[in-house]
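First chain A sits with chain B, and in the next complex the same chain sits with chain C.
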Partner chain A sequence: MRAKNNYLAATFITPTMLVLAVLAFVPTIYAINISLQDRELSGSDANYVGLSNFIQLFSDRRFLNAAFVSLKWELVTVSATMIIAVLLAIMMFEALSPRLRNALSLVFLMPVLLPRVSAAYVWKFAFHPLFGLATYPYKALTGQPLDLLSNPNTALATVALVDAWQWALFFAVIIVKLLETLPPQPFEAAKLDHARTWEIYAYVAIPMLKAPLISLTFVKMIESLRAFDLIYVMTRGGPGITTETLDMYAFSQGFIESGKISYASSMAVLMMIVTTVAFTILWKRVRT
Partner chain B sequence: MNRVRPAIWIARVILGLAAAMAIVPVLWTFLNAFKNRVDIVTPAPVFIFTPTLDNFIYVLGRESVLQGLINSVIVSGASVLIGALFGLPTAYAVARHPSRLTGEIQFFVLSLRFLPPVAVAIPLMVIWLDAGLYDTQLSLITTYSLLTISTTVWLGIPAFQRVPKEVEEAATVDGYGPYAVFFKVALPIASRSLIGALAFSFVLVWNEFLIALMLTTSDAKTLPIVASELTQLGRDVPWGILNASVILLSLPPLLFIGVLSGFLNSIVKKTNG
Partner chain C sequence: MGKLSMLSAKFAGALLLSTILAGAASAEGCSGTIKVLSQPRDGLTLLEKSKDEFTKLSGGATFEIDNLNENDRRAKSKADASTIGKYNVYYVDEANVALFSAAKWIVPLLDYYPKEYDYADFDPGRQKVATVNGTVWFAPLTGGGDMMVYRKDLLEKAGVQPPKTLDEFIAAVKKLHDPDHGVYGVALRGQRGSGANVWRWMPYFRGFGGKWFDGDTPAFDSDAFVKATQTYLDLFQYSPPGTKTGSWDESTGAFLAGQVAILIESTPLTGEALDPKVSKVIGKIGFLPPPSPLTGGGYGHGLAIAAKANKTDAEKKCAGLFIAWATSKENEMRRLADGEFSELNRTSVLTSPEFAKQFGADLGQALADTAKVTAVNFWQDPRWPDLGDHWGISLEELITGTRTDIKGAADELNGFAKTLVAKKQ
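The block that comes next holds the complex of A and B.
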């Protein structure tokens, strides 16, 4: 019986793992291989140039800028998402009946289901300086158009707002459902001790949800790496290079501006190493 | 009690504003899709206008949009199917036969998501070019299978864990072999959650942009790429057409909102109770 079951496990798991390994490792090895060459989009002949692409990266100011923008993006979107999601979830749990909560949950799920491209356009219209709905009040009051996406100081924050719009509302739904699964006794005990509402959440509810909240933060950190769609549609990395993240820069190096595939690939390999190492360490830490 | 009341009303107002923020921009895009250009390009927002279907007729009449729609349906459908075919049995085996390797498998499947899409797309472009399969549905389906298989495994494991062990043991006593238990017992019982998992992987693939942008140029372009190109029709932005194509692109994922909400409920209940 036991042997038969192990046989099933092996036949169910092995082929899938092999397929996944091929699909994941072939491109990875290829990426490393290309990054050591001087291949360009136009020509097919290429020579191995060792690590020179990587060395070049560190004196490329645009690359360093992109790394900094990516880091800012990661910090801003992850913290904004988690803070807004937790606050909204607590408000939903405190102020709404279960039926209203469920109805609002459906509304809050909508933004995250939209394709990122759609979300980007929807907000690009809303932020349009002349015809936008979101910028209209400012225009009506001051008579000046408000162009948030072409202002170097506000462009990244504006795109990050769209990201938080999709993810914070989604996470608020998950967190409110998590709050609903908590046993009521600790809440009642805290109320008997005259704890204020915020104290109940800060010292009782949130600590009880520590594990799932950390997992959610982790998921958001991974998903924040996928900023490309929003930025590509909303700003194309502009104005200047103020919203140019690493994937945007790699894309424009490889495909738009110069077709330097090997150089773009070396950037991608570097990103891959950093994210894999960082997330593996984080994950192992969180899980133990 | 008296002190709490105003706080609750403030919370309700904030939640109402958040709900408006979730809906209004999308609703506005929806309205604009039915407007003539003169009603969109106005100094103040126009709420009352004569609706027109011209934008949708134009969008649906374009060959590139129709081709993109067909490509998106075929590519998403096929890769979700492959994801189910490889992913579901694995998820079941991992859920039912925990071993030393279980944690490693779960981590490996999750870690595939750490790969930045650019890092995958650049080498794949070279690979598919060399193989003569660049800009084909086949190359996109193969590439997306990595995404759908890993997502199905990851979300399928908790779904199978929720199937009561006793039911499966009873089936074994009745003479079902291990494969029959999977196909005739576990799969039907878990089917509701599994449909949620598959819907999730469909939405991921349908919405995918960067890889499709890099791996297609004309024949295999998916709908998000076609939609993004409509903005580049020159200086005179065709707002109505753009709004209509955004609505068209967003409809399929939104159809799954009920399924995904139910899936979320079952997953959360599992992890915390």
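The block that comes next holds the complex of A and C.
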């Protein structure tokens, strides 16, 4: 009976696993193969050059800058999203009736439903120093235009704000629904012990939600790695190279500037290795 | 435009069309959809209204145009041409035609361009840009050089004469700059790209006597390079916010909104400045060639036949027929009737009475004068996009202040150019 069940399970799982394997491994193997060559878009011939693309990366100032920008982007967007989401969820849970919470949840879902490119264009115009809605109050008060996207000190944070706007509101909805599922007894016990509101959340509610919050953090970490469209539309990696992330630089090398697809692939492969290793270590560490 | 001239333009268009239709019977037999990768052009949008006409002319084919902005169109067409080859017709330009032809991503146009559409009627300057190594690769959709467009009202109020030299230009920009009252002296392009910030910087570089190469040796570490860059950076003090990372849209947008006193830009600006749908400065502007010694940036964009998607000669002929029809005299007359100044390329249209009546003698004279200082500023080589885009990044860094060493940037570019030259030899 057990053998029969195993056979049935394997019958159902095998085709799906095969499709997944093809989808996952074929492009990966292709990317690794290309990264070991000197292929360019404009040429039909290519030679194997070993690891020279990878070695060249470490003396490329734009690559090193892009790696640093990607790290900053990851830290800023993930932490901002999670902090804003948790605080918003707590405020909604504390201050609003269930009916109002549901209504607000619907509103909070809208930004994440917007295509990234549309959201990026909307906010790009909103941040325009002369005609933008978001910069208008500053201009009205000081008489000076506020050019956030052209300023190297504010450009990355401004784009990160848009990212957080899309994702933090969505995560707040998820967290508020998680809070609603928690049993009331631990909260009542804490109140009887004269715990203050922030203490109830810091020491009771959040620890109870540790596992789903960690999952949400990982989801956001993966999502933040793919913020190409948002950054590309809003700043194109500028001013200069201050918002040029690794995926942007790889695309630029592969398709905009030089057509160096082997060099671009070597960046993609390196990114894949680093993120797989880093995420595995982090995942194991937070689970123990 | 007067009703009479509009009517006569339309009549002339219809007459020409009937002639072409009668003579194009040999081109029938096309079918399916001709896919075009382009960037937004009013002339192509206007073309969509005449789809049935093309279907009839081609014997059953239709067309579909996908638009992307300039930088994205360049990236996408490069990716498409080198991989799957989904598009039958590419929109190419002076910056990438050498690359596309060298990589054999496009085919010689005149082999598949019906003779009755008279390629020789195109403006000779634009024909020159479309020709690489003696072969014609695209039919022009737009092109020209640079024009200085200035606000006559602001200059008169400030007692400033329209500048004829660069020194006068810089002095005028400084004097007219009054951001507290919503007026900026000039508008420039800061966004990275061989066709963006580098395009507007090149007239200074070439005007100061700069050369890209001395033989095969890169020559960017010259005084002209440093002086051109410093002048360009200095002028950014008087350019509106948003232009440091902006390109054509941002700088012309600010001018058309009435916020810029003087602008030197590619000639399509003049058409937009006279278009009541987008311009708030109609009746307030004058035109002159760029101040000496700036060279006007000669350019040309157009449609080319893709090699990969058109596998057979018959498919190439259909793509050639589409290009010929899209850039034909009758379609140019339609654009003229629609007031699309910047998309007129045929000598017969530019010298027509309808053109003179619609745009006036002043603009005609300014166009003739600017043609005298128009030059090919960029390096005419397949490696130009690589070199130009590389410099565009450093230039944007300098403009936005994330780096400050012009000489260091010049040396870095010199080193990059050397590797570029060495790699391909």
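Assume the second predicted complex is superposed on the first by the 277 of 288 C-alpha atoms of A that agree within 3 Å, B and C clash if a C-alpha of one lies under 4 Å from a C-alpha of the other, contacts with A are read in each partner's own complex, and residues count from 1 in each chain.
Note that a contact is a pair of C-beta atoms (placed from the backbone, for glycine too) under 8 Å apart; a residue touches a chain by one contact, two chains touch by 3 or more.
Please read all numbers here as calculations on a predicted model, not as lab measurements.
Q: Touching A:P137 in the superposition: chain B (first), chain C (second), both, neither?
A: Neither partner.
Q: Considering only the touch criterion stated at the top, classify A:K177 as touching first (chain B), second (chain C), both, or neither.
A: In the superposed model, A:K177 contacts chain B only, not chain C.
Q: Quick one: is A:L149 in contact with chain B, with chain C, with both, or with neither? Answer first, second, both or neither.
A: In the superposition, A:L149 touches chain C alone.
Q: Which holds for A:T242: it touches chain B only (first), chain C only (second), both, or neither?
A: A:T242 sits against chain C, while chain B stays out of touch.
Q: In the superposed arrangement, which partner chain does A:S42 touch: chain B (first), chain C (second), both, or neither?
A: Second partner only.
Q: On the superposed three-chain arrangement, identify whether chain B or chain C touches more chain A residues.
A: Tallying touched residues of chain A, the top partner is B.
Q: Determine, under the contact definition given at the top, whether A:G259 touches first (chain B), second (chain C), both, or neither.
A: second
Q: Quick check for you: in the superposed arrangement, does A:M92 touch first (chain B), second (chain C), both or neither?
A: In the superposition, A:M92 contacts chain B only.
Q: Which holds for A:P207: it touches chain B only (first), chain C only (second), both, or neither?
A: After superposition on chain A, A:P207 lies in contact with neither partner.
Q: Residues of chain A that sit at the chain B interface in one complex and at the chain C interface in the other, please.
A: Residues 130, 251, 255, which sit in both footprints.
Q: Can you check the complex and tell me which residues of chain A touch chain B?
A: 1, 4-9, 11-13, 15-17, 19-20, 23-24, 26-28, 30-31, 33-34, 39, 88, 91-92, 94-96, 104-111, 113-118, 121-123, 125-126, 130-131, 133-134, 136, 140, 165, 169, 173-174, 177-178, 181-182, 197, 212, 222, 225-226, 228-229, 232-233, 246-247, 250-251, 254-255, 261, 264-265, 267-269, 271-272, 275-276, 279-280, 283
Q: Mind pulling up the chain B residues that touch chain A in the complex?
A: Residues 4, 7-9, 11-12, 14-15, 18-19, 21-26, 28-29, 32, 40-45, 86-87, 89-90, 92-94, 96-97, 99, 105, 107-120, 122-127, 142-143, 145-146, 149-150, 153, 172, 177-179, 182, 203, 206-207, 209-210, 213-214, 224, 227-228, 231, 239, 242-243, 246, 249-250, 253-254, 256-258, 260-261, 264-265, 268-269, 271-273.
Q: Can you name the residues of chain C that touch chain A in the complex?
A: Residues 71, 74-76, 78-79, 82, 99, 102-103, 180, 190-192, 240-242, 244-245, 254, 257, 259, 382, 385-386, 389-390, 393, 396-397, 399-403.
Q: Across the complex, what residues on chain A touch chain C?
A: Those in contact with chain C are residues 41-43, 62, 128-130, 143, 145-147, 149-152, 235-242, 251, 255-259.
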